[in-house]
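In this document, chain identifiers A, B, C, D, E, F, G and H correspond to the written order of the chains, with residue numbering beginning at 1 in each.
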Amino acid sequence: PISTTQPLYWKVSNPTLSPTHLQDLPGFTRSVYKRDHALITPESHVFSPLPDWSNTLGAYLISPAMGSHFVMYLAKMQGNSKSGLPPNHVERFIFVVQGMVILTNIHGNSHKLMVDSYAYLPQNLEHFLNCDESATLIVFEKRYEQLENHIPEQIVFEFRKLLPTSLPYDFNIHIMDFQPGEFLNVKEVHYNQHGLLLLEGQGVYRLGDSWYPVQAGDAIWMAPFVPQWYAALGKTRSRYLLYKDVNRNPL
Amino acid sequence: PISTTQPLYWKVSNPTLSPTHLQDLPGFTRSVYKRDHALITPESHVFSPLPDWSNTLGAYLISPAMGSHFVMYLAKMQGNSKSGLPPNHVERFIFVVQGMVILTNIHGNSHKLMVDSYAYLPQNLEHFLNCDESATLIVFEKRYEQLENHIPEQIVFEFRKLLPTSLPYDFNIHIMDFQPGEFLNVKEVHYNQHGLLLLEGQGVYRLGDSWYPVQAGDAIWMAPFVPQWYAALGKTRSRYLLYKDVNRNPL
Amino acid sequence: PISTTQPLYWKVSNPTLSPTHLQDLPGFTRSVYKRDHALITPESHVFSPLPDWSNTLGAYLISPAMGSHFVMYLAKMQGNSKSGLPPNHVERFIFVVQGMVILTNIHGNSHKLMVDSYAYLPQNLEHFLNCDESATLIVFEKRYEQLENHIPEQIVFEFRKLLPTSLPYDFNIHIMDFQPGEFLNVKEVHYNQHGLLLLEGQGVYRLGDSWYPVQAGDAIWMAPFVPQWYAALGKTRSRYLLYKDVNRNPL
Amino acid sequence: PISTTQPLYWKVSNPTLSPTHLQDLPGFTRSVYKRDHALITPESHVFSPLPDWSNTLGAYLISPAMGSHFVMYLAKMQGNSKSGLPPNHVERFIFVVQGMVILTNIHGNSHKLMVDSYAYLPQNLEHFLNCDESATLIVFEKRYEQLENHIPEQIVFEFRKLLPTSLPYDFNIHIMDFQPGEFLNVKEVHYNQHGLLLLEGQGVYRLGDSWYPVQAGDAIWMAPFVPQWYAALGKTRSRYLLYKDVNRNPL
Amino acid sequence: PISTTQPLYWKVSNPTLSPTHLQDLPGFTRSVYKRDHALITPESHVFSPLPDWSNTLGAYLISPAMGSHFVMYLAKMQGNSKSGLPPNHVERFIFVVQGMVILTNIHGNSHKLMVDSYAYLPQNLEHFLNCDESATLIVFEKRYEQLENHIPEQIVFEFRKLLPTSLPYDFNIHIMDFQPGEFLNVKEVHYNQHGLLLLEGQGVYRLGDSWYPVQAGDAIWMAPFVPQWYAALGKTRSRYLLYKDVNRNPL
Amino acid sequence: PISTTQPLYWKVSNPTLSPTHLQDLPGFTRSVYKRDHALITPESHVFSPLPDWSNTLGAYLISPAMGSHFVMYLAKMQGNSKSGLPPNHVERFIFVVQGMVILTNIHGNSHKLMVDSYAYLPQNLEHFLNCDESATLIVFEKRYEQLENHIPEQIVFEFRKLLPTSLPYDFNIHIMDFQPGEFLNVKEVHYNQHGLLLLEGQGVYRLGDSWYPVQAGDAIWMAPFVPQWYAALGKTRSRYLLYKDVNRNPL
Amino acid sequence: PISTTQPLYWKVSNPTLSPTHLQDLPGFTRSVYKRDHALITPESHVFSPLPDWSNTLGAYLISPAMGSHFVMYLAKMQGNSKSGLPPNHVERFIFVVQGMVILTNIHGNSHKLMVDSYAYLPQNLEHFLNCDESATLIVFEKRYEQLENHIPEQIVFEFRKLLPTSLPYDFNIHIMDFQPGEFLNVKEVHYNQHGLLLLEGQGVYRLGDSWYPVQAGDAIWMAPFVPQWYAALGKTRSRYLLYKDVNRNPL
Amino acid sequence: PISTTQPLYWKVSNPTLSPTHLQDLPGFTRSVYKRDHALITPESHVFSPLPDWSNTLGAYLISPAMGSHFVMYLAKMQGNSKSGLPPNHVERFIFVVQGMVILTNIHGNSHKLMVDSYAYLPQNLEHFLNCDESATLIVFEKRYEQLENHIPEQIVFEFRKLLPTSLPYDFNIHIMDFQPGEFLNVKEVHYNQHGLLLLEGQGVYRLGDSWYPVQAGDAIWMAPFVPQWYAALGKTRSRYLLYKDVNRNPL
């Protein structure tokens, strides 16, 4: 039985291919997982309850099983939700993509985090996030790599600003903006890993020999040494959030 | 400057990938053109005025430049439009996908053709189509291959019915229906060519070594001898219109 | 000398391609072993005596040498056969595919397990299986990953039922049923591993960029993050047994 | 609803993959059609009535639409069936694979053709085949390429013998036998085309860069210049029927 | 013996890869010739004297041996050079890329053509080009396809303007400009052929499944139906010259 | 039974891989036939009697069935052998690779041709070659493309010299020499076809995306527009014989 | 300067391709190293002095850097040579391919080992090999995997015999013989690793999707789970030496 | 706005493709990173301050994240720059590519190092480098693999000489010179790793199945067992610096 609300053969001239219409195009996905990179697009997200959080669904996009040394996941906090803590010696970085959360640490300090705000939580710092209505976060977690005499501190920014590049921090988060037509000058090959979420715009990402059209909502994992290059296209700027490990000897 | 009507980063959780939103995903298409088959999906349609028609836009999906011996095109008739004639010795088949047209032949006979109706016009038969409001047709044309003592006649059906399989006709049109889960038993390899338009439903088409998710609106060209197989999926029936040359010696 | 029981050239119109007729089609197999998945079909099974069992032949289909953190093997118990124990700290899951076995644990409790029955044996629990006539089991084994204050218990079900999803269990077993035409809505990409045995039916499995026709008796290994999707085809339901690791932090 | 005549999960230990069980393995075929060769296996045969024959089903395996200059087809003659004639100037070769037929030419000469018998019919020679019960033929047809002062004659052999290699004949038919372990010494590259039907045995065919396990019933098309090599395997001899164009200038 | 004008190992930090330094990178070229498109880059140009011209070197970039129905070539006119005529029934289009030429037709009319000027010469029109110093032209030639009652005329423009789109003309020439970040909305699939020379700027061309970085000086051949898409990148506009056949029935 | 003339396992330290030891390496060949080029190596040569010659075996390496407009073949003349004539309007070029032949034309002129000698025979010129002992020739033949007022003449050179480049000749033959380390400066892409026989030395040939190690005895076919490049390696010069069509309009 | 001992162009009709003529075919090798297997052919052997041996050259064909848990190497002992010991806890297996050696262990027992003889030396057993003239050995070494209450013993066989299959031994060595036409019935997929040296004969090895012609002297590495199959061809038997790990739990 | 300093369309006849003009050819790079080797070309270098050095930029070309057991990096020392120390137990090798540095060790010994000079610094030896103006170094570092009773010493050479091959050293550095046309005789397959920097000249490197044109400035990583071969081309010698691990048991 076919739908009666539309004229016969209506889909012929009105086809759809939206990631949120999962019943469309059986088996179709833009997601790719190769030896040295992955592209994970929305129709491949698998959400399930985050074990130590309440009322929160999570989708892990990057994890060490893929070759990375960090995890990157989406957390969808719902009404009256509360976060759990990462394992011991694990640092955490959160960035608010949608909605609003309250971050409270062990000293009772509270911060309201809106879209575009972010926070860095050093290893072993007790803290929790609350959400009254709904919020979507992108979270990075990594086992902290100690460096003698260097101690990272908690950082909370309600506006966009870069993480310090000083030695205590063993990774960095950049927010990269490209105007249409701009591209990376260097076709980079380096030992650092990347986790990336495209926040706005669209363009073409070259990874190794593969060229991918990408748009807001797409996530990318880049293994060490994969040749990489981005070009922004269209009429609006491209913006992405970029994780990169730094400040530790690569040997 | 980005749109202000939606919250920041709204596209991250509401991505789109519609063939009709051409500014999405730069350079992305599901269209494929290989040696022995082609898949032509809506975001690749190029419409331009049909030379001998009035007020009508056409998009050629299959033509001899591709290796076929026939053309298959979409004709979008607009208000007060009228068709032209095919070249001499060329037969024509039309099928109404959307809207309504009036078919009139040289003897003054007229037929009203609604969605699902079709007509066969033998070579050198003068005729024209009129459309008052709007209509979308799929049209097949082919240089007629004579057979002594056999003469095909004009056929008009307002309801779905098969073209005669008798010798005068050098091609045939089938409307194939599959319930979800049904598939072609034989993984066919044959000398006949096919032109196909998926009218309803979705599934997987195997052509040679390639497996394609397909949905209503997709068109396919199958060269002689390409291994071919279809399986219908989802909750609704699949229906496709299928051109096949027949009744002539393959040598 | 060719067989005289059939007419000359009889095989031309009666070809066979059965996995159990190993002398057919030299070198032909549907088995595939790629970086991120494997398909192991019956003509590739290598059975040999299971070291600590008596009168039992085993074929390992998945093991850590492939990248997994578990083993999956077929055990063919013959008359008067008895199982051995897994190594220390290794949990075990068995599912009866053919025949009947008696499971007895250290406390002297016995269960008769028919086809479709299964049992979970926690790490370090002494137990054994007996078979009088013949039985085929599919067995999963894994080094148990401790979680403070959580202890899994032995479970035996003579009818199909799901394993508890509670925290003590570090993997889960699903029996998935699909009616013809049904398919996975999400084209999943996730960090969890899978071991799969198709028990009934047939369909198409997409793994990364590869599309595999599959049928009852086929086994599949899915590494973390391989894009995955199944569609059931034909006239009967598809049923498969699915291992998935859960409830442990992916970092 | 699944079959009740077999125990549950019976197919797990009794899988089949027979070309004649078309409902097995959806979409699976060994047929391949590449630029310079094709392998056509039984699950891809499409039989339909042969236009000028009575009570006969035909499946074209090779035709000019594939690049060849000849056709090769299977003809399944049923009770009281009779052949038609090829077009003008077309020569014909038939070989009986199963059953028995009577060949009669315009002069009233009749021959009974059993399995392994064959006949060559020059262009424009009127003739017909009759079959009382059932017979399967493999038929080759080609537009005859004239050579001044050379005229080919009708040939009928009831036992296996080679076609004359003299100049009037513009193609040749070989029956090639290989004992297990034997192979073609030369890895041939030549301008001649081949049509091949494997009558007995099994082995490996290399065509270009592809290696194919083959068995009785498989048909092969080799375009000019495809590198080609066969090795026979197993415990019985391999035998194949081989078309090759000869005796005409390749320029 | 290595060069003494530069310090030892100077090339390590000053590598070059210029198409005009042919001794660099042995065997390296960006040129590609596939079934349905070609990219011809400057290090692959083979210039030789144009037979009917004087003092002129030509490099054919596209010709029917490639599958096209037209030729496209570069003509480097030197001091005191003069053009020859195309074969009978062949129309010609010239565009000045560098330098200056005088075009004179049979009626004695003369035009001075600077960079960016172009001329269309109908079939069988006698004419010649003179160059005093040096000039580089891009020339298109095609056997004219007659249309009853339609006659094309000579056209000369000293400034950029489009060729008429009226029926007499069986091809068209477009000059396409893209600002950085702009791209073709439709990922075109059509029966028309293209010849293209990139005059300014740089970007990415997708042809079928291949993505090519391109820059000024690159030429492209697009066969009918190859999926095609361009995106302009960098800080300056992209401009290309585009041949397209039009106005004739594709059957 | 294995050979007793060598110690056991002697082949382990004395493997061979000679094209003339056809029983070596089953199925192994370096011959390749792709869309736009072919490499034909000695283990793929198929010799058979040349129809109009006496006592001569021929192996066609290139013919129009491959896409060329000429043939190139090896002719092995034996004792008391005599050549036949090419078809009407076909010109011929011969080059002696081994042994000695006598060339006699219709006017009774005779030339003794040793290794390295060659002769050009215009279309329709009656002539014959005699060989007393043995000789190996490489022969090119092509249907002559007329040009008004231009007539090619017979040419015989007993020493190496180039064919005239004047307009009557519609192809040319070059003997190219490279010292070790030398390579083609231009990575050529052009509309002309090539037939090539490597006479001495070894090196690497790039054709399209493929890189081939080559040595004396290898033959190559290059279709129009295949990107092409050669580099000579080793301690001795490379020399090859090269056919190229010239002097005719490519449209 | 080219060699003067052979006639000009002599190599054209006498090409060679021998692994021991390293100056032939620049860059040509049949060696392949893929993710799940390797083929190492003689022209890729790199011999250098074995560190703890005297007067002995070794070529490592398989080592853990490749993914294996064992090494396999060729040892060429010369006059007055003596072996060194493997590292602690490493067991060793030797097989004589050419020549003769004397094996002496710590207890003063001596064995003369001719071609086809072999010896197993348990971990930490002091021993040495002497060679007076010359000998070629194939040597396997592996870190011994302890099993409680099981102790392997030294074994020396001067004639071909299988290693015991009892539990103390954590690997096994098979000598496999195939008559021409014979092949492995099962297309094996298993967790065990293999090291293989082809001692006699020739055939085709299928590894994953790749088909390799192989002959005596070729070595193969098979990673766990690579689909594997061999067919013997030609007129003589195939014999290979095969390492396989056994008797230890695969988890 | 396009540049006004050059005539219109100037780039068409003067294209560039220099690695140092990063704005050319968007997304173009010759860099490749595969499973078993990498080619890193200058347009992919990412320089950033070396953490423990002053005034020095470094680009890591090879690191363990790629599969190596060593690092190889370029260090660009600027005016008044000073090196840092490698981690404990890490040995270091430096080679001067451009400029001049002073090396001073803990005993106060100083060496002036010019282009072509190099030094080996054993693990845990305190030392530093000073540069007054500018210098480019290539640096190798590796965790030293101890060998009982063997101690490596510091080595400084101001002229080119090989590192000792004695047992204390667990890696070696070779400077390999090839005259044009020379190539590696053996197509090597071995367990040792390589890091390579091409200092002079150009040629073709074969790695596995890939053939790369290379020139001075290119760096290569070769994993264990990748088949490898180099041929030098052009008119000048090729010279490369080559790291290779030696003298340690591969098990």
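The criterion applied here is as follows: a contact is a pair of C-beta atoms (placed from the backbone, for glycine too) under 8 Å apart; a residue touches a chain by one contact, two chains touch by 3 or more.
Just so we're clear, the structure is a prediction, and the values are computed from it rather than from any experiment.
Both subunit C and subunit D are touched by B, G. A repeat of the F-G interface exists among G-H, C-D or C-G; more than half of the contact pairs are identical by residue number at C-D. Chain centres here are Cα averages; for subunit A and subunit G they lie 50 Å apart. Centre to centre, using the average C-alpha position, subunit B and subunit D are separated by 35 Å.
Counting partner chains per residue, subunit B shows two or more touched chains at residues 23, 26-28, 35, 183, 204, 206, 211, 231, 233-235.
Pairwise, the chains that touch each other are A-B, A-C, A-E, A-H, B-C, B-D, B-E, C-D, C-G, D-F, D-G, E-F, E-H, F-G, F-H, G-H. Contact residues on subunit C toward subunit A in their complex (touch as defined above): 35-36, 167, 183, 185-191, 193, 204, 206, 208-209, 211, 223-227, 229, 231, 247, 249-251. Interface residues of subunit D, counted against subunit G in their complex, comprise 179-183, 204, 206, 211, 231-235. Only residues 22-23, 26-29, 31-33, 35, 38, 40, 43-46, 51, 60, 63-66, 70-71, 86-87, 90, 141-143 of subunit H touch subunit A when the two sit together in their complex.
Residues 1-3, 7-20, 23-28, 30, 41-42, 97-98, 115-116, 136, 197-200, 202-204, 211, 213-218, 233-237 of subunit H are the ones that touch subunit E when the two sit in their complex.
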